[in-house]
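In what follows, chain A forms one complex with chain B and a second complex with chain C.
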Partner chain A sequence: MKIYEEIKPKKKPIKKIYVAAMLWFVGRAIQAAAKTDKNVKEEFKNLRDDFAFSLGVVPNGPVMIVGKTKEGKVKYQGWSKKGQKLTLEMNIKNIEAAMLVFTFQESTSVAFARNRFFVTGDLPDALAVVRILDLVEVYLLPKIITKLAVKRYPKWSELNPIKKYVNRIIIYVRTILGV
Partner chain B sequence: MEKLKDYSFLCQPKIISGKKSLEGIPLELSDLNASKPLVLAMNNISDKHRKTFTKAFGDSNMSFTLFDGIGQYAGVTAAREAAILFRERGCDALIALGDGPVMNIAKGANILLSMDKHLHKLTNDVEINQHMKPLVYVPLGAAMGLEATSKADIDLNLYDSPFLYPDLIVIDDRLVIDASVEDMNYSALMALTGSIESSSLELSNPMADSYAHASLAYISENITKGIKKKKKNSCLALANGAVMGSIAYSNAPEGIVYTTSKAIERLLGHSAAAVAGLLLPHWLELKSADKKPVRDVLMLALGGFDVYSSTPKKERPHGGVNLLEDLIHNMDDYVPLDLKSLNIPQYKLKEIAQYATETNSTIKKKDILTLLERAYDREEI
Partner chain C sequence: MNIPAYYEFCNRVKTFSGHKALDQLPQILQNLKAKKPLIITDKGVSAAGLITIVNKALGTKVKAGAIYDDVPPDSDLKVVNKVAEVYKNKGCDAIVAVGGGSVLDTAKGVNILVSENADDLMRFTGAGAVKRKLKPLIAIPTTSGTGSEVTLVAVIADHENSLKMVFTSIFLLPDAAILDSRMTKTLPPFLTALTAMDAMSHAVESYICIGKNPLSDAHALSAIELISQNLLNVVKKPKDLEGRLALANASILAGAAFSNSMVGMVHNLGHATGAICHVPHGSCMSIFLPYGLEYNLHKSEKAIGELYFALAGAEAYNDTPVKERPFKTIEFLRNLNEELHTATDGRHSRFLGEIFDRDNNPMVPQSKLKDIAVNAMGDGAKIYNPEELSLEDNLMVLQHAFDGTPLNLKKIKKG
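The block that comes next holds the complex of A and B.
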C-alpha cells in the first residue's frame, strides 16, 4: 500500500518581517499624525476615551496596538496584546492577505469588502480606523502609490499640497523619533 | 414579472473566490472546529498545484495528509481507503483538491466516516441524516456537474442528501487557469445543462433562477476568452459559473438531458458533457415545437440586456435557443455532430431510454426516445 505523506507547510518569515516592519511604522505614524493632522485628531476625538485597537495577522501575528492614554493622547503601544484592554481588534485573515494590503496591491477598504479582515468590536470604530489609515497613508506615501492604497485620494480643496508636504515632513520626523 | 410560487431552496456552502483565496482555508477550517484535514487529489496532480496548495497553508500552524491515490473512476474502494487513512492519521476534515472523481470520493469517504463506524457500508440505501465531517471543495476547472451539489456518484450509485453539500468552496485563479481546454469545455457544457434544465421547469424557483442565470451569463461571456486566451479572470468566471450551475441543478429535479447523457455515459462510455451539449438544443427545440415555450430569460442570460431589449418579445424564446446553439457551436470540437457520429447503433436508443427511465422515473420513456431519435442523425432533421 502506498504511504501517504503528512505535509507540514513551511513558515513565511520574510513576509512576516516585512508586515511587522510596516505595522511598526504605521503604528508610530498614526501616533504622529494624531498630533499633526486635524482630521486624524478629530477622528480620535470622536472615539471613546478608553479606545485601543489592534491591527494584526492571524494566527501568528505580527500585531500593532494603538490606543488613547488617560490624558487623551494617541499612543502606539507596541505589538504585545498581553495586559492590553482592547476595544477593537482588526485581524487580517492570513499573511498573504496582509501582503496584498501592505504592498498596496489592494486598498484597505477593498480588502475589507473582499472579506480579508475580521473585526471584534464596533463596526463604526473599525471604519473610523480605516479612515485614519487612509489619511496616514496619504502622508506617508507618494501620490502614485497612495492612489492604489486608499479608496479616494483627497482633492486640493480637502488637503492643499503645501500643508500636505509640511505635515508629511513633521509626521516622518515624529514617526522616526517616536515623539 | 412572473407570479411568485411557493418554493424551497438550499445552498449550504460558503464560497470564497479570487486572488489568494486558498490561503483562507485554514481559518475557515478552524471556524468549523477542524485543524487537521485529509486532502484528496488525483494520482496525476501536477507539481504546480501541489506546491501552490501546500504554500497556501504556510504559517497557518496546520498540517495535512495528502491522499493522492485517486484515479479516473470514483469507486467504493478508494472512498474506503481514504476513510481508513482519515482515521489512522486522526484527521478531522476533508478537502477535495480536484473535481469529478476526487469530490465524489471525498463525499463517499465522508458518508463512511459519519454513518458507519466500521467503514464498510456504502450502498445507496444508506440513510444520510446528520451533519458530517467538514468538507471543502477546491475546483481545478474540470467540474462534472455534481461537485457543488447535494449529490454524489460513487460506483454508479447516486447518493442524494442535503448533508452532502460541501461546507466550503474555494475557487482560486492560480489553480483553475491550468485546466485543459477539453476539461473547460466539458465543465461549461455540464453547467449549461444544469442551469438551463433547472430554470426551464414550470416549477423553477427565483433563487435557483438567479444562480442559473448568473451561471449562463458567466459561461457565455467568458468561454472564448477562458479557452482561447487563458485569461485568469475568465477561467475564474468559468469555474464560478460551473459552481453556480451545480447549485441551481441541485435545487431542481434531474432533467431529461442530464439523465439521458448520464445514461449514455454509463452504458457506452461517451462523455456525458459532450452528449449533453448535443442534446440540449434539440430538447429546447422540441419543447418549443410542443407549445411549451422556452422562457425568454434564456436570451437575457446568454445575450445580455442589449440583445434582449432590442429583440421583439415574441422572438426572444427562439432567439435564446439560437444563442445557445451559437455558444455550443463554438465548442464544436468537443460536441458530436449527432449520435450517429458517435457510432451508436440505432437499436441502442431504446436500451438507453429504458436505462434512463430506470434511473429517473419522473421522465417518460417516450420523451427520451423522441429526443434521442431527433439527435440521432443530423441529416434527417
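The block that comes next holds the complex of A and C.
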C-alpha cells in the first residue's frame, strides 16, 4: 500500500509578521487618535460603554484588540482574544486577504465587497470602526497611499493640512510611546 | 467587461416558472421527501383566494399539515415563534411560504427554529451562524418583488426590544421557487408599481455598486429589460398574465443579482426612511433610485450608461452618444416614475414630500430628514456604494428627494 506524505500548508511567517506589525501599529494608533482627533473621539463616544472590537485573521491570528475602559478611555488591548469580552469581531478570512488589505491593493470597502471579511456583532458598530480606520489611515499614511485605502480623501475644508500634519506627529509619537 | 479580482456567487434555488407552475408543487414536495407541509401566508393573500389555488395544486396526494395566515406586513419575532410552535404541534415536515417579503422572511426564521430545534432565534443572527441544511422550504412569491425567494438573507424585527435581526446564510435559500402568474394577477396597480420598482432598484444597484461581478450583471440586465418592457403595460392592464410572469421573472433575476453583489445608497437611504417614517420600501426605492445614480455618476458613469441599453432598447442606445447615455438612464427612470404616478392616479410617489398615509398626513415631514440621515449612517449598504456618504451628503440627497429636484452634480464631493 502506497503511503502518501501529509502535505502541510506553509506557515507564511513573513506575511504573518508583516500583518501582525501593521495591526499592532494601527491598534495603538487608534488609541492615540482617540485622544487627538475630535472625529475619532466622537465616533467612540457614540459606541456602547463596554465596546471592544478585534480586527484580525482567522483562525489563528494575528489579531489586534481595541476597546473602551470602564473610565471611557480608548485603549489598545493587545493581540490575544483570550479572556476578552468582544462586542464586535472583524475577521479577515486568511492571511493572503489580509495582505491585500494591508498592502493597500484593496481598500476596506472593496475588501468587504470581495468577501475578504466576515463580521460578528452589530453592523452599525462595524461601520463606525471602518470610519475610524479611515480617519486613522489619513493620519498615518501619505495621501498617495491613503487614497488607495479609503473611498474619499478628506477635502481641505474637512481637515486642514496644518491640523493634519500636527495631529500626524502627535499620533505617531503617542503610538510609538504607547501613551 | 471588468472581472473583479475575486467574487462569490451562489444561487441554489431551483426555479419553476409558468402560468400553471404551481401544478408542480406535489412533485417538488415528493422530491424533497416532504408529505405534510405548513403553509405560511398573510391575510391579504388568503383573502385574494390565492391559498385556494395552492391547496388545489396540492391535489389529493399531499395535504397541508396546517395553514398559518396571520403574518403581519413587517416580519415579527413573536410571530416566528408562534408559527414554529404550529409547525411542531402539527408534525409538519416542510414549509410552503406564499406571500411577499415579510412572509418569506418569516418562513426563513421559522425554518431556523424548527430545523435547529431551538427557541431563541437571537443565537442565529449575523452572517454564517446557520451552519447546516434546514427543512425543505418552497417559496411562492405573490409580489414582483423583493426577490426574497432567492436571497440568503432574512430580516426579522423584535418590536418589543426595537431591534432588527439580520440572518445571512446560504442555508436560508429556499429549495425551490415557484413563479406562477396567477399569484400576482390580483396585485393592485400601485402595489405592482411599487414592488416592480423595488426589483428595478435591486438590479440597478447591483450593476453599479462595487460588489458587481459578471454573473450578477447578467441577471441584473435581464431583470431591467423585463421590467422596462412590461411594467407600464401590467399597471394599465392588470390581467396581462404574460406581463405578470415577465415581472415575476424580473424580480427573481434582480433578487439573484443583488443577493450576490449587494446594494448601495438607494437601499441605505431607503432602509433609514422606512425605519424612521414607516414608508413602504418600494416607494423609497423608486424615489431614491435616480438620486443614487446622480450621486454615483462620477464613479460609475460607464455602468450607468450601459443600463440605458436594457432600459430603452438597442435602437435608442445606439442613437445616443456615449457621453449622454448615463444622463439618459437617469432621465428614463425619472420619466418612468412620472408615468407610474399618472397610471396609478397619483398613488405612486415621485418624491418624499408627496407620500401621504391613509389619513392624508405627510409620511416624511421635513423635520425628520436629519433623523433619517443619522439612521442611514448605521446601515451596511453604504459600504458597497461607489462614493462615500457622510451625514452632510445624506442630508443633501434627502433634501433634494424631499423637494423632487435633481442633485446639483457640482456640489457632490468626489472621492
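The criterion applied here is as follows: the second predicted complex is superposed on the first by the 173 of 179 C-alpha atoms of A that agree within 3 Å, B and C clash if a C-alpha of one lies under 4 Å from a C-alpha of the other, contacts with A are read in each partner's own complex, and residues count from 1 in each chain.
Basically, a contact is a pair of C-beta atoms (placed from the backbone, for glycine too) under 8 Å apart; a residue touches a chain by one contact, two chains touch by 3 or more.
Note that the coordinates shown come from a computational prediction; the quantities given were computed from them, not determined experimentally.
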{"item": "When chain B and chain C are modelled together on chain A, clash or fit", "value": "clash"}
{"item": "Touching partner for A:60 - first (chain B), second (chain C), both, neither", "value": "first"}
{"item": "Partner chain(s) touched by A:4 [first = chain B, second = chain C, both, neither]", "value": "first"}
{"item": "First (chain B), second (chain C), both or neither touched by A:16", "value": "first"}
{"item": "Partner chain(s) touched by A:109 [first = chain B, second = chain C, both, neither]", "value": "second"}
{"item": "Partner chain in contact with A:94 - chain B first, chain C second, else both or neither", "value": "first"}
{"item": "Partner chain(s) touched by A:153 [first = chain B, second = chain C, both, neither]", "value": "second"}
{"item": "Chain B versus chain C as contact partner of A:127, first or second or both or neither", "value": "second"}
{"item": "Among 109-117, 127-135, 307-315 or 361-369 on chain B, the segment whose C-alpha atoms clash with chain C after superposition", "value": "307-315"}
{"item": "Chain B and chain C contact sites that coincide on chain A, given as residue numbers", "value": "114-115"}
{"item": "Residues on chain A engaged by chain C in the complex (per definition of touch)", "value": "106, 109-110, 112-116, 118-121, 123-124, 126-128, 130, 150-153, 155"}
{"item": "Chain C residues touching chain A - in the complex, by the definition given at the top", "value": "4-8, 126-128, 166, 209-211, 261-262, 377-380, 382-384, 386-388, 413-415"}
{"item": "Parts of chain B lying in touch with chain A, wherever the complex brings them together", "value": "16, 18-20, 23-24, 26-27, 30, 54-69, 85, 89"}
{"item": "Of chain A, residues touching chain B in the complex", "value": "2, 4-12, 15-16, 58-60, 93-97, 100, 114-115"}
